[in-house]
Amino acid sequence: MFARDHVSHALGIVLQEIRPGYAKLTMRVTQAMLNGHGTLHGGMSFTLADTAFAYACNAYNQNAVALGCDIIYPAAGREGDDLTAEAKECLLAGRTGVYDVAVSNQDGVVLALFRGQSRRIEGQIVPPEAV
Amino acid sequence: MFARDHVSHALGIVLQEIRPGYAKLTMRVTQAMLNGHGTLHGGMSFTLADTAFAYACNAYNQNAVALGCDIIYPAAGREGDDLTAEAKECLLAGRTGVYDVAVSNQDGVVLALFRGQSRRIEGQIVPPEAV
Amino acid sequence: MFARDHVSHALGIVLQEIRPGYAKLTMRVTQAMLNGHGTLHGGMSFTLADTAFAYACNAYNQNAVALGCDIIYPAAGREGDDLTAEAKECLLAGRTGVYDVAVSNQDGVVLALFRGQSRRIEGQIVPPEAV
Amino acid sequence: MFARDHVSHALGIVLQEIRPGYAKLTMRVTQAMLNGHGTLHGGMSFTLADTAFAYACNAYNQNAVALGCDIIYPAAGREGDDLTAEAKECLLAGRTGVYDVAVSNQDGVVLALFRGQSRRIEGQIVPPEAV
């Protein structure tokens, strides 16, 4: 699944650790990830968090799709920051899963708190639908 | 602000229309925007929506930062889709703004519904903080 | 369904208008709805909004359950305020529905913006699960 | 603050434990808390969670107001259920706080997952604005 993930490769996302319900990814903030204000684009920290969420909830080798997500930005990211996203399963009840992801920089400052809700669908990881 | 937005340029986002409280952007889904499932990465539709939100709330030429956002994915996007994101101001009360963004494909199918909350900060558009 | 809704009756919620995908309710803020700060408890404006959401998405006479909701509070409510909640369908795609609800006071000031996501389930309005 | 909280008293909410950044509350589901489907009204579980959030973030004796909240309902509550809401501080950065609340029944089944964002304002606990 990671091999086919074009977005992760383009952003230089590195998969550090993965197991059912858990994933840890890293990404360095490059100039290409900045917004019009010169700080990290919210879409980039979201993408990192969302990717961690996807790996954590698909690590069971059963297809899961994202129903919705929310994100809060307590602090701004800067060029050169080394980000770590850690996704943890908060709940798995029937076909519904809830995952929390925290994105921190090299100093441990939290830049984003993400929560995603997933739903298991038919099939294994050659999946018809997207996380 | 658009000139300095590296992410928008990298993704081929085109600014179609902008006025205070409103922005309309388009983006074509390329292979580089797909996830491990072969469909549009949630982070990419979020980035498009988030960019539309940023333009709509910064179009007053007063700095605004994003406090948080949420997104719901009613349908999956495919390679080659021509996406349109339309951001509308839902509320502006004091320093708080709420913006709704819908991301649709070429057939008018809604792929994402996004809501963002912004807060105006000091300064004009040479801003210290990020949306 | 309204006849059996104990919460609505206890809070004095009045159903003003209902049709598929739409509902309008009113409620007066009493002392019993205040929090420890002496202003309207967030749970009470949420309950009003959530009730409007439930009526709008169940007005098709097909069972729908709430998957999740979010709420933003732009302003505080006061004792004696006459609140109106208006729920509008934002999207209905397959079994998924998204509804936006605005709660305003007698002066048209928006106190809460609510968004709810529903999912249709089997059966008609003698439903096993809750909105 | 609890003494003046009319909503908590009306719902029979009991404050079990409180310290800065943490609160634990209990509530029994009565018939008056049911919705038109005969299950626990989403507004009632939200109110319990929101109250736990308010106590956790105001336990510093500095006024804090809620900016927004979201809630996910993994399971339905029933009449007679004994609910426990546990609020934990997820982040406190400058004036922004993020709190997670889980609402469970007597069997440990999670009925609601709530996340609230707060902002500290001027003054101590004789506060002008509401959580």
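Just so it is clear, A, B, C and D label the chains in written order, and each chain counts residues from 1 on its own.
Everything below uses one rule, namely that a contact is a pair of C-beta atoms (placed from the backbone, for glycine too) under 8 Å apart; a residue touches a chain by one contact, two chains touch by 3 or more.
What you are looking at is a predicted structure, and each value in this text was computed from that prediction instead of being measured.
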Contact-richer chain pair [A-D vs A-B]: A-B
Shared interface numbering between subunit C and subunit B [over half = same, under half = different]: same
Subunit B-subunit D separation of Cα centroids, rounded to whole Å: 32
Chain centre separation in whole Å, for subunit D relative to subunit A (CA means): 28
Between subunit B and subunit A, distance of the C-alpha-averaged centres to the nearest whole Å: 18
Residues of subunit C touching at least two other chains: 67-68, 70, 72, 117
Subunit C residues within the subunit D interface of the complex: 1-8, 10, 31-44, 46-48, 50-51, 54, 58, 63, 65-73, 76-77, 127-131
Contact set on subunit C toward subunit A in their complex: 67-68, 70, 117
Subunit D residues touching subunit A - in the complex, by the definition given at the top: 70, 72, 74-75, 90-91, 93-94, 96, 98, 100, 109-110, 113, 115, 117
